[in-house]
Amino acid sequence: MANTPRTPLKREQIARRIAQDFADGAIVNLGIGMPTLAANYIPAGREILFHSENGLLGFGPAPEKGKEDPNLVNAGKEFVTMLPGGCFFHQADSFSMTRGKHVDVAVLGGMQVNPRGDLANWKIKGAELGSIGGAMDIARGAKQVFVAMTHTTNKGEPKIVNELTYPITALKCVTRIYTDIAVIDVGPNGLVLREVAPGYSAADVQAVTEPKLTYEKEPAVIAI
Amino acid sequence: MLNKIVNSLATAVADVRDGATILVGGFGGAGVPEGLITALLRQGTKDLTLIHNNAGRDETSIAPLIKHDRVAKLICTFPEAKTAYIFRDKFLAGKIKLELVPQGTLAERIRAGGSGIEGFYTPTGVGTEVAEGKDRREINGVMCILEYGLRADFAFVRARLGDRWGNLVYNQASRNFNPMMAMAGKIAIAEVDDVVELGGLNPEHVVTPGIFVQRVVKTENLNG
Amino acid sequence: MANTPRTPLKREQIARRIAQDFADGAIVNLGIGMPTLAANYIPAGREILFHSENGLLGFGPAPEKGKEDPNLVNAGKEFVTMLPGGCFFHQADSFSMTRGKHVDVAVLGGMQVNPRGDLANWKIKGAELGSIGGAMDIARGAKQVFVAMTHTTNKGEPKIVNELTYPITALKCVTRIYTDIAVIDVGPNGLVLREVAPGYSAADVQAVTEPKLTYEKEPAVIAI
Amino acid sequence: MLNKIVNSLATAVADVRDGATILVGGFGGAGVPEGLITALLRQGTKDLTLIHNNAGRDETSIAPLIKHDRVAKLICTFPEAKTAYIFRDKFLAGKIKLELVPQGTLAERIRAGGSGIEGFYTPTGVGTEVAEGKDRREINGVMCILEYGLRADFAFVRARLGDRWGNLVYNQASRNFNPMMAMAGKIAIAEVDDVVELGGLNPEHVVTPGIFVQRVVKTENLNG
C-alpha cells in the first residue's frame, strides 16, 4: 500500500461508494449535484425508491431525448420518468414524509460538518442570499443523512471542522460523511474513520480534518 | 426487492405486544379493518390503547376487543351511541379509560404525528371541557389551545387495493381516518380487498403513498 | 291573526324553513337528526353542495332499496349516493374544510344557546358520557351556524338561556336559531326575533325564552 | 347553480388590488400559473406580496412581475439560483423584501392557514437563522420552533382539469404547492388546461375538492 499513489476519488466514484450503502428496499432522497449521481450506481439486485421533495416517490431515470415532460421533474428540476409503483403527492404530504422520519436515507451536499453531526450546506458565509429549499427539513427528518462533499475547500481548508462557521442547516443530523479521500461515521463519541481512498493513510486524512478522528485499526481502502 | 405483502392476517399482527398503542381506521362501519381486529383478538394481546373514531358498533369493529377486556384505554370522538353498549358497560364498570377528542382535532393530531409536527394551535374546543388543562394562546386574534401530535406502535387500516410497495387506494367514504393513520403508525398494516401488481395503480390516483405503509395483507373471512 | 290557533312547527316544517335560507351554491353541513331533514326541502332552482365530515362533498339522496353500499355513508351513518361533481377525501382534509372556514352553513342540533351565540349540544348535563364527534370543529368553523331545536325541553324549560348550564360545544358560533315556534338571529347586541309560528305573538315566544328578545315590529309569520 | 367558471384570465384577476398578498403555485417550471401571472402583469396591480417556492425563472414564472416592480415582498424557499437573476438584482438594489422559509415549513404553513390551524411546532430550522426570534418549545424530547399559518387574499394555482364546482386534478409533478395554496387563498383561482363537465372527474381521483376553489379559468396563450 505504501507503493500506491494517493488517488482521491472522482465525483462519480464518491457517488458509487455512497450507493453501496443503500439497503435493498430503501427510500432515498438525493440532493442536487453529486448526490444525484448515486442513482446511477445502485448495486445489482437492489430495489431503491427515490423520493423527491417536490412530490414524487418511485421515479426513474431521465427520459429519452425528445420525451421530456416539463410536468415531470425532480427537485433538481431535471426531467425524470416514473417507475411502475411510483406516485405523485403535494408538497405538504411530501414533507410529512421527510419531517415525519419516513425517508430512510438522504444524501446531501455539504459545506461543513462537525463531530456532533451538525451540517452547514445552504449558504456561503457572508453571502447576501442563499437557498434553503428542502435542505433543512430533509436534513432534520431523514432517518440517516449521508453527506457527499470534497474533503477540503478549493483552498485546502478542512470542511470537517470543530465548529461550524457557515450558516447552519440542521443540528445533529449527519450520520455518515463521504469525501474524495474518506468515509467517516458520526458516532456518539465523535468521528470514526471507516475507509480511505487508495494510497491514503489514516494520518493523511487526519491531517486535513480539524477534529480528532478515531479508528480501531488502519482503515480499509474504499472499494471503487 | 421491496415487498410489503404479508401472507395472512395472523402473520400481519403476530408481533403486536401487550401494551401496544394501535390506530384503527374506520368511521362507523365504513373502512374498519375487521379482519385485522379479529386476527388480533385471536392472537391474544391485551392492555391495548386503541385510537378510533367510535367505541365499537354492536358486536363488530373494535367491540370484540373491548368485550374480551383487551383494551385498557380508548381515545375516540364518539363513545356515546346506541351501538356502543359494550364499551358503555365496560366504561361504567371502570374497566376501560377514555380520552375524548373532537373529531377534527383527532384527525389533525394523527396527521401531525405522522408528519413530525409535535404540536399545533387550534381554535376547536376553546371554552369547552376539552380545553381544560391545555395551554392557550391567542394568534391573529383567535384564541387557540395547544394539541399534540399522536403516533402509535401500529396502525390498522382498511383499503380497497394495495401493491407490494404499500401504495393504497380506498373505497369511497371508507377512506376517512385511514390515510392519516397509515402516516402515524410506526408499523402500518393495510388490510386490502385485493393486492395488485406494481404499476396497477395510476400514480395520479394513489391516495396513500407506499412510504407510509409497512405491511399489506389481503382480507380473509376469519368468521366464515 | 288573533284567530289563528297556536300551531308549533313539526320537525319537517322546521327543516323546510331552514332550507329556505340556503343560498344557491352554498356548501352546507347537516348534523344528525332534524338538521338532516333539511336536505329534503331545498327550494327549486337552488344547487346546494352537502359536506359530510367523514369525507364527502356533493353527496345526494339515499339510494334505492337494495343499492345501499356500506362504503358510502354520511356522518350520520346513513346510506347516500354521490352526485356528479361529488368527491371523497380523508378526515384531516375534511376538517380543514370546516375549521378553515370553507363551509358556508352548518345546521346543528341544540340543547342550549345563549345570547352571545354560545352553543351546548353534545352532552347532557351530568351524563357519564357524551359524544363530541365533529360538533366542536363544525360549530367553531362554519361561516354560519344554524341551530335547529325545539324551543323548550320536554319539561317546558327554555333552551334559549342567559347562561349555558350544559357542557359547551363552542363559544360565539351560532348565527341563527330555528325552533318550532320562532326564527331568532344572534346579533351583535343579542337575540333578534325575526319570525314566529302561526298563531304565536312575540310575547308568546318571549314567555318561553330566558334572555330578552328584541324585534323592530311584530315579527312575520313563518311561511311553511 | 354553482358555477365557478370564468371566461378569461383577465376577468379572473380583475379584482386583485394594490397591496394584495398572492400565493403562486409551482416549483421550478412545473405547475406555475403563467397565464394568470401574465394577466396580472397587464392588469397593472403593484405593491404585491407573493408567496412562491422560487424567485422567478429567467423571464418566466413570477420574474416578469418582479422585473416591472410590482412585487414589494417575496416569501420563498429558493431565491438564490442562476435563473433568478432578475430577483437578485432587485433584491441587492433594495427594491424587494425577502422572507426566507424552509420548503417543508412553507408547505405546512400554507396548509395550516387553509385549515384554520393558527400555528404549529416543527423541529425544522432549530439552531439555524430561521429560528431567530421565534418561540421555542421542547415536546416529547424534540426541540421545536413555532411557525404560523399563512393565508393570502388570492391563490393562483395551475391544474390540468377543473369543473364548475371547482374540483381539480393536476399533471404529475406540477401538483406540488398548488393543492395547499388553493386551500389558503381567500379567492383561489385555478388556471386549467381544460374545463370538464360536472361528473367528468372521478370522485375518487379529485385532488382538490371544489370547496377550496373560487374561480376556474381555461388557460390562454397571452403571449401568442
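Per-chain numbering from 1; labels A, B, C and D assigned in written order.
One rule holds in what follows: a contact is a pair of C-beta atoms (placed from the backbone, for glycine too) under 8 Å apart; a residue touches a chain by one contact, two chains touch by 3 or more.
Remember, predicted model here, so these are calculated numbers, not experimental data.
Visitor: When I count C-beta pairs in contact, which pair ends up with more: C-D or A-D?
Guide: Answer by contact count: A-D.
Visitor: What is the distance in Å between the mean C-alpha positions of subunit A and subunit C?
Guide: 57
Visitor: If you average the CA atoms of subunit A and of subunit D, how many Å lie between those two points?
Guide: Roughly 30 Å separates the two chain centres.
Visitor: As a quick test, compute the distance in whole Å between the mean CA positions of subunit C and subunit D.
Guide: That pair's centroid distance is 35 Å.
Visitor: Going by the touch rule set out above, which residues of subunit C reach two or more other chains?
Guide: Expected reply: 82, 88-89, 95, 98-99, 141.
Visitor: Provide the list of subunit B residues touching at least two other chains, using ranges where the numbers run on.
Guide: Only 108, 111, 115-117, 122-123, 170, 172, 203-204, 207 qualify.
Visitor: Treating touching as the only link between chains, describe the layout with one word: line, ring, star, complete or other.
Guide: other
Visitor: Please list, in label order, each pair of chains that touches.
Guide: Chain pairs that touch: A-B, A-D, B-C, B-D, C-D.
Visitor: For the complex, give me every residue of subunit C touching subunit B.
Guide: Within the complex, subunit C contacts subunit B at residues 52-56, 69-75, 77, 82, 88-92, 94-95, 98-99, 118, 123, 127-138, 140-141, 167-171.
Visitor: Spell out the residues on subunit D that touch subunit C in their complex, using ranges where they run on.
Guide: Interface residues on the subunit D side: 1-3, 111, 113-117, 163-165, 167, 183, 197-199, 201, 203-204, 206, 209-212.
Visitor: Can you check the complex and tell me which residues of subunit B touch subunit D?
Guide: For subunit B paired with subunit D, touching residues are 108, 112, 115-123, 137, 139-140, 142, 144, 148-149, 169-170, 172, 203-205, 207.
Visitor: Can you tell me which positions in subunit C touch subunit D when the two form their complex?
Guide: Residues of subunit C touching subunit D: 24-25, 27, 47, 49, 51, 57-58, 82, 84-89, 93, 95-103, 141.
Visitor: Quick one: in the complex, what on subunit B touches subunit C?
Guide: 27-31, 77-81, 88, 91-92, 98, 100-105, 107-108, 110-111, 122-130, 170-180, 207
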